[in-house]
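In what follows, structures are represented as structure tokens.
Next come two complexes, and both contain chain A; in the first it sits with chain B, in the second with chain C.
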Partner chain A sequence: MAGEYANSSEYIQHHLTNLTYGRFADGEWGFAHGPEDIAEMGFMSIHVDTMFWSIFLGGLFLAIFTLAARSATAGVPGTLQNICEMAVEFVDDNITQVFGSRPNAIIGPLSLTILVWVFLMNMMDLVPVDWIPYLATMAGIPYMKVVATTDPNATLGMSVSVFLLVLYYNFKIKGPLKFGASLVTHPIPHWSMYWFNFILEFVDMLAKPLSHGLRLFGNLYAGEMIFILIALLPFWAQWALSLPWAIFHILIIALQAFVFMILTIVYLTQAHEVDEH
Partner chain B sequence: MNINLTMLGQAISFILFVLFCMKYVWPPLTSIMRERQQAISDGLEKATAAEKQLEQANESAGLELEEAKKQSAELIAQARTRASQIEAEAKSKATDEAARIVEGAQAEIDQEISRAREELRAKVGELAVEGAERILEASVDRAAHEAMLSKLSAQL
Partner chain C sequence: MEQSLIFVAGGILMGLGAIGSGVGIGILGGKYLEGVARQPELQPMLMTQLFISLALVDAVPIIAVGISLYMIFAL
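And then the complex of A and B:
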């Protein structure tokens, strides 16, 4: 498939570029037609492909689960209900183990949404890398990145949302005074070192959403990159590498969805623990 | 790696998805799962209770069976005694009856013997008179010899 490109680096570059809609330097809004356009737009742009695939897959997740919840029965469950209940039970077990049995209406649905949504977005990685971009090109769409989680905007958007929720709980459970105190009183509980503690704790706090989002992005980006590199091989040789990598990737997509969910639960748990040290 | 408005859009859609999930997915599914758990634990409890009941029923059935056996054994013993009683009664009655019949027969025989003896005696008297008449070729006056005749028949 690399034949239509001048060279392989252009092919890779094309596959790693999002379909971007944004504001040009002259104030006009429109689709970017190359890396220069995207650089010109800067922050005032949006990745249409990321938004489309993430919302499409999120809607798919909610449609499936709402359908299962609508027709759910406490008697013998059907196949769809079984699958959905497995996911719910898995999430619920993990919450009970980490978060405990504190009453909280948000953490359950939040974790379930993360697990299934991220899993579905990751799973788009298993669709052969050229299929959807090729179809999109035929339809006149210049760029199409299918895997939303290979876009740091998507992963950071989620991790920052989780971070804001963690801040909210910190304020709500500990109160602004105790929360402020927790930022400055350790690791060295002496007033003269409070400034130093604050720097440490502040960096630690900011590192959480960053590492949370970038971990998922990095794993999926690297996986996607390898698929693209494999796609540069002649078509008759690709399967020898892409098949083992895809099989291995099944593990990664599930594992990264799970890790993202568990970290969310862990951060929320930390926000709820008052006397930790 | 460009950070742009996509991040905001993603955060908004994320929040909306979570809210939707909070309202329409999580509560119904978890409540139904809890309901089923309750139903299963109720069922298990009931099964245990039923098992215990069955055990009790078996036990009482065994006791009743034993009681019935005892009763039947008693009845059989009673029946045996009654039967042997009836047998003994019947035997004694039959013996009595036989004795009575034998006695009656004996009496009849005695009567018959005495009657025959009487008849014989009378006949012998007549024969004696007739013989005497033949011997004497004359009639014997019965009235004149009555005393002698009856003495003779008494000797027989």
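And then the complex of A and C:
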């Protein structure tokens, strides 16, 4: 596939560019056909392929789990029911371990959604890197990036949503006064050092969603990058590197989905801990 | 000249990241084995914790590898 491009650098750039829809400088809306177009659009643009694949996979997750729930039996369960029950029980175990048994309606469904959704989006990394972009090129779509989690917009979007939930629960459980107090009194409980505590806590608070989203993005981006580099080799040599990396990548895919979920639970647990001081 | 500097930078990026996380994961695995040897019944719980911290440590060098490969091949 690499033969159609001028050089390897152009091939890599092409595979790392999102299909972008946005507003050109002259006020018209349309798809970008190159890096210059994307630079011209700036903020007023949206990554159509990221949106499509993430929403499609979210719908797939809902469809699979709804199907399993509708056809669930108390007798001998089928394969689908087994898989879904395993996922639900796994999430449930982790929540009871970390979060405990506080009443909270949202953390269970949220964690399950994050786990399965991120897992499915990461899973697209195992589809050979050229299949879908090549089909898209034949259909007239210039760019197609299938792994939604290799787009920082998707991962940071998820982590910022979790962060907003954390803020919400901080205000709801602790109340504005206690929450504010916990921001300024933490490492050094003396009034003259409150400004210093606040700087520390503030940086800590900003770093949480940032590292949460960037960790997932970085891992998947690096994995995708290596798959693309392997695809540059001659076709008879690719399997020798692609196969071991894909097998290792299965571990990374599941692990990163799991870590994203666990960190969500941990952050929400911190927001619920009232009587710490 | 500039291209060769990028190669050197990419090499340093990958190598130093690997050293740090190598030491970290080595200590992590050793402590995990110690913990399991002391209390074998805690093994499943420790395994979960091991994987969490493994993924946290592992992220940094993998990201470094990705960035350095991008620097070397795509810049």
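Quick note on the criterion: the second predicted complex is superposed on the first by the 273 of 277 C-alpha atoms of A that agree within 3 Å, B and C clash if a C-alpha of one lies under 4 Å from a C-alpha of the other, contacts with A are read in each partner's own complex, and residues count from 1 in each chain.
The working rule: a residue touches a chain if its C-beta (ideal position, glycine included) is under 8 Å from a C-beta of that chain, and two chains touch if they have at least 3 such contacts.
Only a predicted model underlies this, so the values are computations on that prediction, with no experimental measurement involved.
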Query raised in the report: So, on chain A, is it clash or fit between chain B and chain C?
Result: fit
Report task. Answer with first, second, both or neither: which of chain B and chain C does A:68 touch in the superposed model? Result -> first
Query raised in the report: Touch check for A:51: first (chain B), second (chain C), both, or neither?
Result: first
Query raised in the report: Touching A:160, do we find chain B (first), chain C (second), both, or neither?
Result: first
Query - First (chain B), second (chain C), both or neither touched by A:152 - result: first
Query raised in the report: Is A:43 contacted by the first partner chain B, the second partner chain C, both or neither?
Result: first
**Report entry** Partner chain(s) touched by A:255 [first = chain B, second = chain C, both, neither]
**Finding:** second
Query - First (chain B), second (chain C), both or neither touched by A:88 - result: first
Report summary line: Of the two partners chain B and chain C, more of chain A gets touched by chain B
Requested in this report: Once the structures are superposed on A, label A:134 by its partner contacts, choosing first (chain B), second (chain C), both or neither.
Outcome: neither
**Report entry** Vertex chain A angle, Cα centres of chain C and chain B, expressed to the nearest 10 degrees
**Finding:** 90
Query raised in the report: In whole Å, what is the nearest CA distance you get between chain B and chain C after the fit?
Result: 12
Report task. Would you tell me which residues of chain B are touching chain A in their complex? Result -> 1-11, 13-15, 17-18, 20-22, 24-26, 28-30, 32-33, 35-36, 39
Report summary line: chain C residues touching chain A in their complex are 45, 48, 51-52, 54-56, 58-59, 62-63, 65-67, 69-70, 73-75
Query raised in the report: Which residues of chain A touch chain B in the complex?
Result: 18, 20, 22, 38, 41-47, 50-51, 54-55, 58, 61-62, 65-66, 68-70, 72-75, 77, 84-85, 88-89, 92, 105-106, 108-110, 112-113, 117, 148, 151-154, 156-158, 160-161
Report summary line: Listed in rising order, the residues of chain A that touch chain C in the complex are 8-9, 12-13, 16, 94, 97, 214-215, 218-219, 221-223, 225-226, 229, 232, 252, 255-256, 258-259, 262
